[in-house]
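Which chain is which? They are A, B, C and D, in the order written, and residues in each are numbered from 1.
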Amino acid sequence: MSRYRLDPHDLDRLLERLQEGGRVLIGPRLRDGAIVLDRIRSTADLPRGLTTVTAPGRQHLLDRADDALFGYEVGPDAAKRWLHPPRVELWRARKDEGGELFFEGTDEPPKYAFIGLRACDLAAIGIQDAVFLRPGITDPTYAARRADVRIVAVQCGASAATCFCASMGTGPRVDRGADLTLTEVLDGEPHFVVEVGSEEGEALIEGLPVKPVASTAPEEAAARAAAHQERQMPGDVRASLLNALESPAWDDVAARCLACGNCTLVCPTCFCTTVEDTTTLAGDAVHARRWDTCFDQGFTDLHGHAVREGVAQRYRQWLTHKLSTWHDQFDTSGCVGCGRCITWCPAGIDLVEEARRIGGSG
Amino acid sequence: MSDERTIQVDYLARVEGEGALTLKWKDGRVSDLALSIFEPPRFFEAFLRGRSALEAPDITARICGICPVAYQMSACNAIEDALGVQIPEPLHQLRRLLYCGEWIESHVLHMAMLHAPDFFGVPDAMTLAQTHKDEVVAALAAKKAGNRIVATLGGREIHPINVRVGGFYRLPRPEEIDTLRAELEAARPKLEAVVRWTGTFDFPDLERDVPFLSLCPGDVYPFVEAPLASTVGHRFSPQEWGQHVVEEHVERSNALHARLDGEVYQVGPLARFALNFDALPAGLQQLARDIGAAPPVRNPFRSLLVRGIEALYAMDEALRILDSLVLPAEPSVPVTLRAGVGHGVSEAPRGVLYHRYELDDDGLIVDADIVPPTAQNQLSIEADLWALADGLWEMEPEAATLRAEQAIRNYDPCISCATHFLTLHREPG
Amino acid sequence: MTAAALDLWRPVPMPVVSKVQETADTVTIELDARDSPVRFAPGQFTMLYAFGHGEVPISISGDPAHPERLVHTIRAVGRVTNPLVAVEPGQVLGVRGPFGTGWPVHDAEDGEVVVVAGGIGLAPVRPVFHALAAHRERYERVWVLVGARTPADLLYREELERFAGAHGFDLRLTVDHADDTWDGPVGVVTRLLEAADFDPSRATLMTCGPEIMMRFVVREALRQGVPAEKIWLSMERNMKCAIGLCGHCQWGADFLCRTGPVMRWDHAMHRFDVGGL
Amino acid sequence: MARPRLGVFKLASCDGCQLTLLDCEDELLAVAGAVDIANFPEASRRIEPGPYDVALVEGSVTTPHDAERIQQIRAESRLLITIGACATAGGIQALRNLADVDTYVAQVYATPAYISTLATSTAIADHVKVDFELRGCPIDKGQLLELLTALLFGRQPTLPNHSVCLDCKLAGNVCVVVAHGTPCLGPVTHAGCGALCPGYTRGCFGCYGPSRGSNPTAQSDLLARQVPDESTIRRLWQGFTTADPVFAEQASRFTGGDGE
């Protein structure tokens, strides 16, 4: 991969380039005390000089001593919010006078560019690709948004206390899935090292004021981040959880779990949805899809009862799906080790710890 | 044989809450007149005891779904008074902005949907829309603009969730402000058209010289700004309220009646207008004259026009605030709980709303007193009815009933509120 | 690629051509699928859409030899099935599918076939009867063991008797609660299984009904010596998309809309008794 | 289809939920065209006798008179739909259920003998069968329109009963518990508001009552870790749906303050 040096004040040129052709640029943004992903237009919209302090059930912002633009760890949002939107109208049905039904698509997919995604985010996109772009079964909403996307990743130089991507083999080094990867260098004269990961990436920097460099900053940053990570997913988790399906250990976590579903909703790979049918006052029928969560009791409703009645059963579904059965379904774990479900669980429940405890790996 | 007639309205329609009216004549003279309120009591002042002062804005909002902002503002003013909290100017401006929304929404609701149908002899605004579609649609658009202010700043139209003692939970975002401004600009001409239309209504004659009471800061048309003043020479602070306003409880009503130094008095648009006309921008003063609302307006039926002028004022004021908005760094100022007594007033769309709280060391409420506008106006409403009633004797029963109801609706009385203005009688000991 | 061409979420409109009231709460409707024939394996299902009300999974209960006639038997239980049951010929429904796995009608050749069904569970096996009848010579004895709550709840009764007569099926019916029209056996469907003298080593068993019923049926079949890999069942879970994207129908690693609803017992047995999976 | 006859009835309440209908500015005239507003005193003088196809009932039962009235309304209505926390859970005024109502009357009114009231404020469903309920204090405009369009269409309304957290994430709100340590009842509160309060960086105070199948005990445990003062936690559970049994049970775990 060729490497270039980009001055921070030229980053806006790249952001402009990313928005050419009406592409909507999604990047980190400060909102209500957290760093979310949202529409941005220029570097002025990026959080500057902030860092995150993260723990199970906790994420605060603190000021940094420097002006870093990417000096924090992942917030609650992932690319999922944009590629697999929380709500989307799948179609509308209309009935003409003769009673004939017409089904009309209403989706007008935007073209997206992302900046600031991390290695775990790219791995998660890879997993959602496996879910939504299966041979023969393609989700049109996802496919349309994913097809022509541009991704500028950022190489982590530190890890949050909840990160464990190293043990999942998904990070912290960005080694695939990005058109460009930025490593923010803050020592000395601040600059970015830009790695090119695709032809599209090459086209993105063409004509920008970048200079080739020989830098090992990306590798050094990744090594620093990896050295931070204390959490490790046990290697035998896939089998150990399946062997523990009827273990009483699930009741322990069920006593603490709020069944609120936040873990599934912040997880960059969780994909479950439901559909809601409504009608307009004008008589059109709307068939819309929205994110759902396996923590909702109604998720498994059959006529008159839910299959997963208790919280223990719902927590078991989430953990075994993520870490075990996902492998059978999609040839990969459903977890990329981003730690979001640990951080954004209001009760601070830690899936790594639960997987160890329930699976009996210590 | 003596000639007796009765008007009995079991269920006053197009007012907020549940009330009834009985009017009796004997030999051409009114023999009995009763405006009764059977809205069930909800005991707010009683269960506020033991709740935190910080909860007062949310809880008291539930006294009235029509003017929750008024309750929240008076509650905040009173609690902040008790805790010695000062609200900086930018937050004060945001509170005015929020209040603008409630005035627009409530005034337009009342003018176009609750009051206007009386002037056309139709049962409701939906029927009115069959003959005056453009006007009703314009009114709905104007009302919506008011609601948009409350929803943007407060989170939702009814019982906003963003108001707290000390300010707000979160500040509006720049893009929210831009959207709101555009919506208000689009609605402004529609509201003006509605106001001009109301100028063409045929108003019954009735002049009553009743003392008016309102906030009267002098330099600005008031929403939350003290002190109070009256047209008979009062000028007092919210803290002095209890020295002037006294309430009594009568049998036929679950609400209490208030008197100002022993006299029947009136609060609301006519009172604000009489006492603060000079604070209105020249353009609105002129418009008021053009549509037949030159001050002083003493005909309660013409309060409809004054509401229109006030709604336009609120719309213009909202735009002015949005244009000159300097967002503060923090959405609220710090609040420390402690013991104290506080008084707060603000101008609900229907008139002055007074709150008083006594707090203990932990900031828990030990005593609460709330005096809403309808309670203050109830005697005035009855006085209007007495003044009208002799003339009603001559009218067809249906027309007379309608006229009596219309006179009550002049006040946009909020019976839901009226039943909750509850003086807490201190238990001995 | 255009998204629309791949849109597996979007139904195809099909008019209802006939409707038969089967029981008090159950009807069979036939849709005209000539414009887009639905070629299906017995046991597969479609997502049926009632205008404005929503979509639900419903098994195809017609003859697989007639893909242009799409037949479903529907029991009214709620939000979507109520309006589905209320449709009249001429009205139009939306259809997606077919989806899911089918019964092993080919694997069952050259042996006996035992079908055990309860209640509405008869609908998903009805296409099996058509398939067996079409190639009756390929099968040895065919047992059709059916249970219902009451005689009035028995689905397809006359048709089953006709089929049995015409194609030599051993048809046995039972009800939980008899009334004065009933002189047959009373009791659970497993009793019929106990009483049927098929050769367990040559039989393929297919069962569909409430999970509790299937549990006892499988237990009895195993007891009689039917090998696990020749017992088949049809599972039911909440389904919203039927294309393995909504996540609702997961049962262990299976998306029941794709690797089910019909599956072999040896695939299901390790989880079947795990409650609330 | 004949236009369904609509009645809107008020018991002890603030009028806010029925006002929601008049706040549907864009749809009001269309709704008024599609239904026959036969009895809606807040909006119309035309008050026609029952029966009604649909009754929207706001408010809780707090007086002997209203206890009778709700029977009458039920008898006259094909579908009875409760709107708002007062009607579905007794409302904020159900705080009286924890106290002595005679003391309340005496505290508030100079002449208690004039006041006729019951000792409790109760939900409509405690008195008569309810066909649908719209939660919230007040109800949500979008949910009201969904209910009305569903009734007009003859379908079941889409009124999910999952918890506020799901809507919070759909809306893209930042979790106030995680980002600020703010107590929030969202995890156990019934959806419908669109996760309004967290969207304004405050915790949900549970005005839609309990969600289905959630874990209020774990919520109380979490609150106890966040908030040292028990009476604050108790007051949080004793809000606009204080009489709901699920919330009441949690409230009973906490004492402190003057409410024990």
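We take it that a residue touches a chain if its C-beta (ideal position, glycine included) is under 8 Å from a C-beta of that chain, and two chains touch if they have at least 3 such contacts.
Everything numeric here is computed off the predicted structure, so don't read it as measured data.
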Give the identifier of the chain nearest to the protein's overall CA centre, each chain being represented by its own CA mean. D
Let me have the rounded angstrom distance from the C-alpha centre of subunit B over to the C-alpha centre of subunit C, please. 65
Averaging C-alpha coordinates per chain, one finds the centres of subunit A and subunit B separated by a number of Å equal to 50
Distance from subunit C to subunit A - Cα centre to Cα centre, in angstrom: 40
Geometric centre distance via CA averages, subunit D-subunit C, whole Å: 43
For subunit B, write out the residues touching at least two other chains, lowest number first. 170
For subunit A, give me the residues that contact two or more of the other chains. 32, 277-279, 292, 309
Of all residues in subunit D, the ones touching two or more other chains: 153, 155, 201
Interchain pairs in contact, sorted by label: A-C, A-D, B-D, C-D
Counting only contacts in the complex, subunit C reaches subunit D at residues 52-53, 78-79, 83
List the residues on subunit D that touch subunit B in their complex, please. 10-20, 22-23, 25-26, 28-29, 32, 37, 41-47, 59, 62-63, 65-66, 91-93, 95-96, 99, 101, 103-111, 114-115, 117, 121, 137-138, 140-141, 193, 196-197, 199-202, 205, 232, 235, 240, 257-259
Residue ranges of subunit A in contact with subunit D within the complex: 31-34, 36, 38, 57-60, 76-77, 81, 86-87, 254-262, 265-266, 276-281, 283, 290-293, 296-298, 306, 309, 311, 343-347
Can you list the subunit A residues touching subunit C in their complex? 90-91, 93, 95, 99-103, 105, 107, 109, 131-132, 134, 137-141, 143-144, 147, 245-246, 271-275, 277-279, 285, 287, 289, 292, 294, 299-304, 307-310, 313, 316-317, 320-321, 324-325, 328-329
Residue numbers of subunit D touching subunit A in their complex, please. 27, 30-31, 34, 145-146, 149-150, 152-153, 155, 158, 160-163, 165-166, 169-175, 177-181, 184, 186-188, 201, 212-215, 217-219, 221-222
